[in-house]
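In the two complexes below, chain A is the common chain; its partner is chain B in one and chain C in the other.
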Partner chain A sequence: MIVAQRKPLSEIITKMEAYKKIIVAGCETCVAECHAGGRKEVELLASQLRIAFSQKMAPVEIAECCIERQCEPEMIEPCSEQIMAQEAVLSIACGIGVQQMAERFPNLPVFPGLNTTFLGTHAKPTQWEERCAGCGNCVLDLTAGICPIARCSKSLLNGPCGGAQDGKCEVSDDIPCAWAEIVERMTKCGKRDQLRQIIPCKEWNTARDGGPRRLIHEEAAP
Partner chain B sequence: MKSGSRLEQLLARGEFVVTAELGPPMSADVEVIAKKAELLRHTADAFNVTDNQTAVVRMSSIAASVLCLKSGLEPIMQMVCRDRNRIAMQSDILGAVALGIRNCLCISGDHQSFGRAGKLLGHPGAKNVYDIDSINQIRMFRQLRDEGKFQGGDPVKGQVPLFIGAAWTPLGDPVDFRVIRLGKKIAAGADFVQTQGVYDIERFADAMKKARAEGLHEKTAILAGIIVPKSAGMLKYMNNSVAGVSVPEALIRRMSEAADQKAEGVAIAVELIRDIRKIEGIRGVHIQPVEWESIMRTISDKAGLLPRPEIPDA
Partner chain C sequence: MKHIIVYRCQQCGGRQKLFKENWVREFVLTCAGQLEPIHILRAFEDGEFGVCLMHCEPGACRTLAGCQAAIRHVKYARQLLEEVGIHPERVKTICCQPAGDLHMELNLFLDHLKHLDGHGSAPAPDVSERKKA
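Our next item is the complex of A and B:
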């Protein structure tokens, strides 16, 4: 899923201060799963803003809506009338949702309420971890199902580097060394010898480095 | 000869080679390099010029290597994967070779988060590159030299004489994988290898035994790393905090009990060099007198490494 984290309230307040009619727009999918932008978080943020703005001379109206998938244009439609009646949109979807809102409502200022952080998993009850870098050319078959692009701090393909210690990354003891995990899993899977093969350098043109990406599915035509 | 460098020639002659480290300054001050060069002159055969080590901005390793050359010292230019993509790496290698540099050590480089340490702010917000890793960097330079081809496939005109080096952390984690990784570096084209600092002779000898079992010592020239200890505190710090450095308890105790820790450090370095020389397959030592270049001559002398062999001018 796409993992995101709410921006500090003070930052949101500073950005929204100029508006009298604001809608907080959440998303029921990924960001709801990571407790950043679902219905509960919409209610919480709207209440926080009402309290913060209650001291103002002119009243500020804070509306709420929650879209099942803010990244899907047709799913925004049921809320479009309510949104168009506002002065500004505060989207607490991921960056894709925020942009979808901006595209759908060309005359409305749209603000992000979250920082979209990574593609990851709910690894522990209170912890989400990055798993995929969306590089466009998956190497997981070569690395025992553990992604070195996303999970090694240096995206090494033939790691681990000399900085790994006790299974931890040199960047922080909180980061497991992806290559220590890869070596361990390859050994368990009886593929240790495969570690002797040099994985050639990656061609990044399938990743973001090749420019913004698009995908065309002819068969998806209506 | 692949490069004709002094280092390559001496290794080809079967000499036990000595390399040392020369860290560029955090300034554009030419004098710093000149002074270090004077302290290091004739103490070793070639000198590693580090590339923004610990992710702290310093004079570029290419420029500092050229200044080294001007001082009459042969540089081993280090190049990290952190700061350059394959275009910049190859461009810099062509430039370095054009300027007379003949040795290059290919390494991943410390993560940019390392730069913030002690009183330094560093640049922890920098974007890293890591377009290719050190193994593919070695392979790319070999292809440039041996096949006359850029990584992308375009032809390179003329020769790119270069002696290609790699780093090895024999006691790094996961330790049983380290010989495999060394093998990959050699398969990629490492002509010489410099190891992380060795204090634990027994464990290092064991790693070398594994390397020999794969015949790696015959395919490359392995130079063992010696980090000159200055104090018991430094040894403790390295043991606990520097990845892949293991210091036996007895050595730390010996240092703590010494009346003159610096003198003891020199004695330890000299003993380490003597013990390491006895390990089969070791072709030289890489001595790092970290910010203590003035001690280098004493160490080389006491370890019986002086005078360094001459190379007749071609």
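Our next item is the complex of A and C:
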């Protein structure tokens, strides 16, 4: 899922105080899972803004809406009438949702309420961790299903480095060494010998380094 | 008139309303864990004076983890309120004990809110009814 966290409220208020009619638009998918932009968070942020603006004696109308998937144009449509009646949109979806809103409502200023952080998983009840760097050239088959690009601080394709100690990364004791985990898992799977093979240099032109990426599926044409 | 909003688990004093004072609005919950942060924020959106949650003792909760959830929700709501400049002590949790006096605890909370008002923000509610009692 796409993991995001809310921007500081003071930053949001500074950006929104020029408008008298605002809609807080959430997304029920990834950012709802990481408690950043779902229906509950829409209600809480809208309520905080109402309290904050009323304390400043600034009458601001704050509407709320929550879209099933803000990154899908057709899913924005049911709320479009409500959104078009506003002066500004505060989107608490990921960066994709914010851009989709900006594209759909070209005459309305759209502001992000979240910082889109990483592609990750819900690792512990209160913790989300990065799992994928979206490099466009997956090597998980060579690394026992543990991504060294996203989970190794140095993104090493052949590890571990000399800095890892007791299964922890030298960058921080909070970071498990991805390569220690890869070795452990390969041993459990009886594939430790596979580690003798050197993984060749990776083609990075499939990642962000090759510029904005585009995917075409001819077969998906209606 | 501003009120203190009381959310009370029905295990703490039964289903009937306990507080008759005009400065109290009381809501009886089947479990304190039902209280969400938004309920606390909405109270302050409506300009209320404070929010008090009365919950069971840890270990006595009939839904097992309800009171822990309630305490977590209150902690989160306090953070959100602090962000908008509302003193987090305007939200109080009271753990109901067999020998406890909920009326006294609520009056102490009211006094504390009045003390907070002494340092700015909204006026205290009319406590004439309390004086009569």
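Here is the rule we use: the second predicted complex is superposed on the first by the 219 of 222 C-alpha atoms of A that agree within 3 Å, B and C clash if a C-alpha of one lies under 4 Å from a C-alpha of the other, contacts with A are read in each partner's own complex, and residues count from 1 in each chain.
The definition used in the following text is that contacts are C-beta pairs under 8 Å (C-beta built on N, C-alpha and C of every residue); 3 or more make two chains touch, one makes a residue touch a chain.
The shown structure was predicted, so the numbers you read here are calculated from the model rather than taken from an experiment.
*Asks:* Is A:L9 in contact with chain B, with chain C, with both, or with neither (first, second, both, neither)?
*Replies:* After superposing on A, A:L9 lies in contact with chain C but is clear of chain B.
*Asks:* With both structures fitted on chain A, tell me whether chain B or chain C touches more of chain A's residues.
*Replies:* For chain A, the partner with the higher number of touched residues is B.
*Asks:* Which partner chains sit in contact with A:K40 here, chain B, chain C, both or neither? Use first/second/both/neither.
*Replies:* A:K40: touches chain C, not chain B.
*Asks:* Determine, under the contact definition given at the top, whether A:C177 touches first (chain B), second (chain C), both, or neither.
*Replies:* Only chain B; A:C177 stays clear of chain C.
*Asks:* Between chain B and chain C, whom does A:I51 touch in the aligned arrangement: first, second, both, or neither?
*Replies:* After superposing on A, A:I51 lies in contact with chain C but is clear of chain B.
*Asks:* Would you check which partner chain A:P200 touches, where first means chain B only, second means chain C only, and both and neither mean what they say?
*Replies:* first
*Asks:* Which parts of chain A are in contact with chain B and also with chain C?
*Replies:* Shared contact residues on chain A (touching chain B in one complex, chain C in the other): none at all.
*Asks:* Provide the residue numbers of chain C that touch chain A in the complex, in ascending order.
*Replies:* 36-38, 41-42, 44-45, 47, 80-81, 83-86
*Asks:* Okay, in this complex, where on chain A does chain B touch?
*Replies:* Checking each residue of chain A against chain B gives 153-167, 170-172, 177, 180, 183-184, 195-196, 198, 200-202, 204.
*Asks:* Using the touch definition from the top, list the residues of chain B that touch chain A in their complex.
*Replies:* Chain B reaches chain A through residues 81-82, 86, 107-108, 110-111, 113-114, 128, 130-136, 139-140, 151, 167, 169, 172-174, 177, 180-181, 183-184, 187-188, 196, 243-244.
*Asks:* For chain A, which residues are in contact with chain C within the complex?
*Replies:* On the chain A side, the touching residues are 9-10, 40, 43-44, 47-48, 50-52, 54-55.
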